[in-house]
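Input: a single structure, listed below in structure tokens.
Letters A, B, C and D mark the chains as written, and numbering starts fresh at 1 in each.
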Amino acid sequence: MSTFGTLYRVTTYGESHCASVGAIIDGCPPGLELTPQDLQTQLSRRRPGQSNLTTPRNEKDLVHIQSGLELGVTLGTPIAILVKNEDQRPHDYTETDLYPRPSHADYTYLEKYGIKASSGGGRSSARETIGRVAAGALAEKYLKIAYGIEIVAFVSSVGKVHLSATAPPPSQINADEEDDSATDTLSKEYLELLSTITREDVDKHITRCPHPETAERMTKRILRAKEAQDSIGGTVTCVIRNVPSGLGEPVFDKFEAKLAHAMLSIPATKAFEVGSGFRGTEVPGSQHNDAFIRGENGRLRTATNWSGGIQGGITNGEHIYFRIGFKSPATISQPQDTARYDVPIVEAMAAMVIMDELLIQNARKTAASLLPPITTLPPTMVMPK
Amino acid sequence: MSTFGTLYRVTTYGESHCASVGAIIDGCPPGLELTPQDLQTQLSRRRPGQSNLTTPRNEKDLVHIQSGLELGVTLGTPIAILVKNEDQRPHDYTETDLYPRPSHADYTYLEKYGIKASSGGGRSSARETIGRVAAGALAEKYLKIAYGIEIVAFVSSVGKVHLSATAPPPSQINADEEDDSATDTLSKEYLELLSTITREDVDKHITRCPHPETAERMTKRILRAKEAQDSIGGTVTCVIRNVPSGLGEPVFDKFEAKLAHAMLSIPATKAFEVGSGFRGTEVPGSQHNDAFIRGENGRLRTATNWSGGIQGGITNGEHIYFRIGFKSPATISQPQDTARYDVPIVEAMAAMVIMDELLIQNARKTAASLLPPITTLPPTMVMPK
Amino acid sequence: MSTFGTLYRVTTYGESHCASVGAIIDGCPPGLELTPQDLQTQLSRRRPGQSNLTTPRNEKDLVHIQSGLELGVTLGTPIAILVKNEDQRPHDYTETDLYPRPSHADYTYLEKYGIKASSGGGRSSARETIGRVAAGALAEKYLKIAYGIEIVAFVSSVGKVHLSATAPPPSQINADEEDDSATDTLSKEYLELLSTITREDVDKHITRCPHPETAERMTKRILRAKEAQDSIGGTVTCVIRNVPSGLGEPVFDKFEAKLAHAMLSIPATKAFEVGSGFRGTEVPGSQHNDAFIRGENGRLRTATNWSGGIQGGITNGEHIYFRIGFKSPATISQPQDTARYDVPIVEAMAAMVIMDELLIQNARKTAASLLPPITTLPPTMVMPK
Amino acid sequence: MSTFGTLYRVTTYGESHCASVGAIIDGCPPGLELTPQDLQTQLSRRRPGQSNLTTPRNEKDLVHIQSGLELGVTLGTPIAILVKNEDQRPHDYTETDLYPRPSHADYTYLEKYGIKASSGGGRSSARETIGRVAAGALAEKYLKIAYGIEIVAFVSSVGKVHLSATAPPPSQINADEEDDSATDTLSKEYLELLSTITREDVDKHITRCPHPETAERMTKRILRAKEAQDSIGGTVTCVIRNVPSGLGEPVFDKFEAKLAHAMLSIPATKAFEVGSGFRGTEVPGSQHNDAFIRGENGRLRTATNWSGGIQGGITNGEHIYFRIGFKSPATISQPQDTARYDVPIVEAMAAMVIMDELLIQNARKTAASLLPPITTLPPTMVMPK
């Protein structure tokens, strides 16, 4: 179905050639000041082709808020948003349409529904993500105000061009099996990047890679693909800072499981890893375990962060970071560039997951807070006050 | 919460030291012959420590079916199963318990609930997975009978020891940026393995790696960790054969998104990739696209299978394959071995996803089949009969 | 939240003074021919004030379909619909607004959200039901084509003026305790009405009561309320014909439970009864039980229908009928008339319930049909083929 | 399916002749002291045949808690409970079983599943309600401690014998159409009863009717049915006191809609009304509206309570009261008595609804409380602090 979330629940609609695309966002807290511009910023960042280093940003994909706020303040009721489609004519039929395009969704939509949109992709169209980005931008605004949560995604590789901080370490596969030392560190450079990167840093370069030199090499790689009428994939890395501890549900709805679900729902994604990811499978437990240290105010922190801010499926208050692989686009005749337009979608899906988990955890926490203190258990079992 | 699935819905319960662990399985089709042994086989395969190359399999973790069948046939009503815990005493309190164990769930459970089980892990305990494995085994039985679906998972790496067929290709990162050829193939060896591997092959070696020589090297790696009172992670690869096309929902519940959710809900998982995965980000679209060919009975097939059997979030009838990364276990003083006990859990979660998606798609397909044929659309938009 | 249904899932949005009201309808079967007029008919029937015996129907509340169909055929993807609000200005603030209006939703919305729409009612506004009526009309079209299902609701009472066929029997309360005979029949007149009534019959009179004489008395009652600047409530009775047997889920999601949920979600509803309803509590079991008879084609039917087409929470193929009580509207200064505008909403909610349950049951039935025949059970336990 | 609730989620299992019946209760707040006896009390109250005025209460239907608590305190994880079935043999096949019993679930289960339990009813068995009663008792304990919420249900009629306070008023149907005065009051006796009744009052008489004289007449009516090998239905009325305002969701999940869903999921229910119910359809709005008055601490209260504590689908802090109709039991050869065993089930389902809605509303309220105060809106739109 087309709905995501339990208490912060987003339902999207729309194909490429219908009247509009949009979403109903249910569960937004009441009393939040909101303007269309709050949503427009991220919508504009996600718009493919919105600039090619040169084109000025024009006023396309304008968001229209239909409901759920009055005098600029959210009412707590569903917020519907829509963005009109410019081209609403069905795709003209041509002979070649009889053959499904390889690695597109044409074939599978036909198999699933027995019918498909004339334009082929139907809901797999990039335009579907408009509703998500708006829903995510709304969640983000709340999360920033109420918790100071920061979500920043950036392009970490294009083809084989990798930002070195986030790159997988030099391959040790099947070599040096006796040597555990080679892959045992998360570079300081990486941890520093995760702690400090901002969206301004990301947007400085057209490729949305925060390292200028690497960004240049990425640009070259993209242009090479364009010239060859080909396409190339990439990875996006995302960090979330200031997420409270305690989010995520044990068992099926572990925080990383919800994140993985959210990220793999973005078109063209094929891979997800959180914290140490695949690399963590090669690092012995003795090195991989994140030792506790006392942080500010005596709060427990971890010295390292192989866990990526999640332990036992529950957030521990450290930075959450993860990486997503986007395959090379299937459309190669009209080459699309890179993962850069996916950066705001990744941020949006992350915001939706956090928002939903926060609401769920708040329900539990408030409920528990109304009970008398537990006095009959040994101190190891109870949270010290 | 502790529930997974929409129409095939599994809810689990239980910690390490409570009376029992188990599950309620709702949505099993009526009329399926079922014995406890159908569930026991996979339960025994998942039991950690059940053998150490030498120990004979003893009769522990016996499954008790509580409801939902009569005279050995499912009624369509919920099937409750339980497995008794042997050690039901709460963990004794010791001074060291005051300090949370690094990279365990002790700390995050305390943060989440304000209270934790004396034994620490609570629901993150491996015993929680018993309910899932039973639920998966039940789904598998149905899927095998009704659709001939086969699900086989195996250990593809332990630490740096990789089964070569499934190993990521030699690293090309930041090198040979101009050379697209290096990573452009899925080896025949790999495709052959995916097409033919059986559980018998997998279980031939204690490590559950189907390649004897690699399996031996894995054993060595594990023993080295044991000797060092350390632990080591690994990866599990899984293939699903004979899944009908058309499963999975566009947008949020793409088939790979549900799979990722399911797999990242398994304890200690940190990474997931389907089809070409992270590797697919480096292969140009012109090579990555899976060209259509005519298969048996004129049915469309793909010549390659970078897509991993899923396009646009919907299955296309090809083999579905994916890889999961398990971090090195946090408990190093009592070393656990490898990912091999996770093999049946991966199979179980895969079965649950397929079962749920099949039921959902059957609902839609049956509904559509009752409508009169579509005559007003161009042939490109409609499934040829 | 603002979502109803599992596989046929409707999410609505909108208040009285926002840009538009509407809905996203997810799960509509693909391949259904659909025009805006299919939805408009019921939308026009539900529009309060659309006529007062005299006013010609004008073109207000026009539905705009945003997505999910192409060339007039549904794609299986979400269908978004919207109807623009004419008056989009927030309500002007007046001194009297400081005091919540009795029995309106002003007070409870403030208590719930800490904020309310300037116009008071927010989502409790009658305009919210537009999305539901459209979603129901869509479901109805499918149900009619695919199953021949007919849903007809009508006004069965206004104040104390009751259509005699559906009226509760003369009160026996606390009298004649020894006499069981008095309330023991469902009148032939009632059963006949349920079997034959059509929407054309219902719409013949402005009050939507199919009995002309009673309808006249209802009109008088309404006019009397208007003159007194007062309001009056009423009941709506609904019958559903040709629903397949087997719908509804045991336990929590019994068919009548879903119906009750749906009907009590309509504004101003306070009561629901299905089949014999409250009356059935006074009829001894020996009389209340619906004896089986052989119907056409040898199919089992029931001689009576106290059960209202539902037994053990599951439909048995007989007519489903139920009655809903609407309290007198809280707004008395601008008197609204009767329950007649609720008739299409009742039909819409009924259609949504049936559609959802049909899809769920089809999923199960298709799954069971793929299993080999059951041969090991006694014949009493298995459906004869 | 067999699951109820969103954040307080109960899943039940079990038929009459399987190994056990039970439930998994997910979402119980952590830190609640809990003993099996807390659940047993209500389980014993619901047990049909547990006494016949004379039989001493024996120790049957003992509840076994499987998980989710340690040292008598809830952990926040799922609490599984089970009660063993004494008679686990399948029902013996007899010739008469070939014919479905009228108004039982035999026929509809066969139609739904193509198979049924040998004993007929399957999940429609009264034993299924054991899991619900335990889940409700758990919720009740929390609600009492954390909010002082009291839930009391009682038998308000048996056949035509009605407790006069709760009885529908003398029938005015089709008579005195011009006279609005006749039905315009909720009796003081009724309101007093709702404000003060306790479970001790209810249990004083075997029929669970709090009015001794009426209770005696009910007993006679039941005995008369028994002698005639017949059965008789009844109604249960329930009041909930001290529910916070603000619970319930606008639109589909109005508080009364959830209540109606919950109550109509109880076996043999056919009718539900809240507050003024069907009677409220006959009372003009001018009389039906509940005027506001200042209560203690200046808090707004209502002078009357036709609304039954719910306005616009949201609780307003007044007593919630509702009435449920139970048809005469279909089994007449082994006569079951009355609605009295349903009293604890009604209380249980009510507790589950409140618990779920409280958790959902707490999530929203906590989220809103973290936002800065709203300063830009007129005072009519914002909750005064």
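Quick note on the criterion: a residue touches a chain if its C-beta (ideal position, glycine included) is under 8 Å from a C-beta of that chain, and two chains touch if they have at least 3 such contacts.
Predicted model only: the values in this text are computed from it and were never measured.
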Chain-contact steps, minimal, separating subunit D from subunit B: 1
A-C compared against B-C, more contacting pairs: A-C
Interchain centroid distance [CA atoms averaged], subunit C/subunit D, Å: 23
Subunit B-subunit C separation of Cα centroids, rounded to whole Å: 43
Inter-centroid spacing, subunit C versus subunit A (mean Cα positions, whole Å): 41
Multi-chain contact sites of subunit D, meaning residues that touch two or more partners: 1-3, 7, 12, 27, 30-31, 70-71, 73, 76-77, 112-118, 122-123, 250, 364-365, 368, 374, 377, 381
Complex interface listing, subunit A residues touching subunit D: 6-7, 27, 29-33, 70-73, 76-77, 142, 145-147, 250, 358-360, 362-368, 370-372, 374, 376-377, 381
Residues of subunit B defined as touching subunit D within the complex: 1-3, 7, 9, 11-15, 17-22, 24, 26-27, 30-31, 64-71, 73, 75-80, 82, 90, 112-118, 122-123
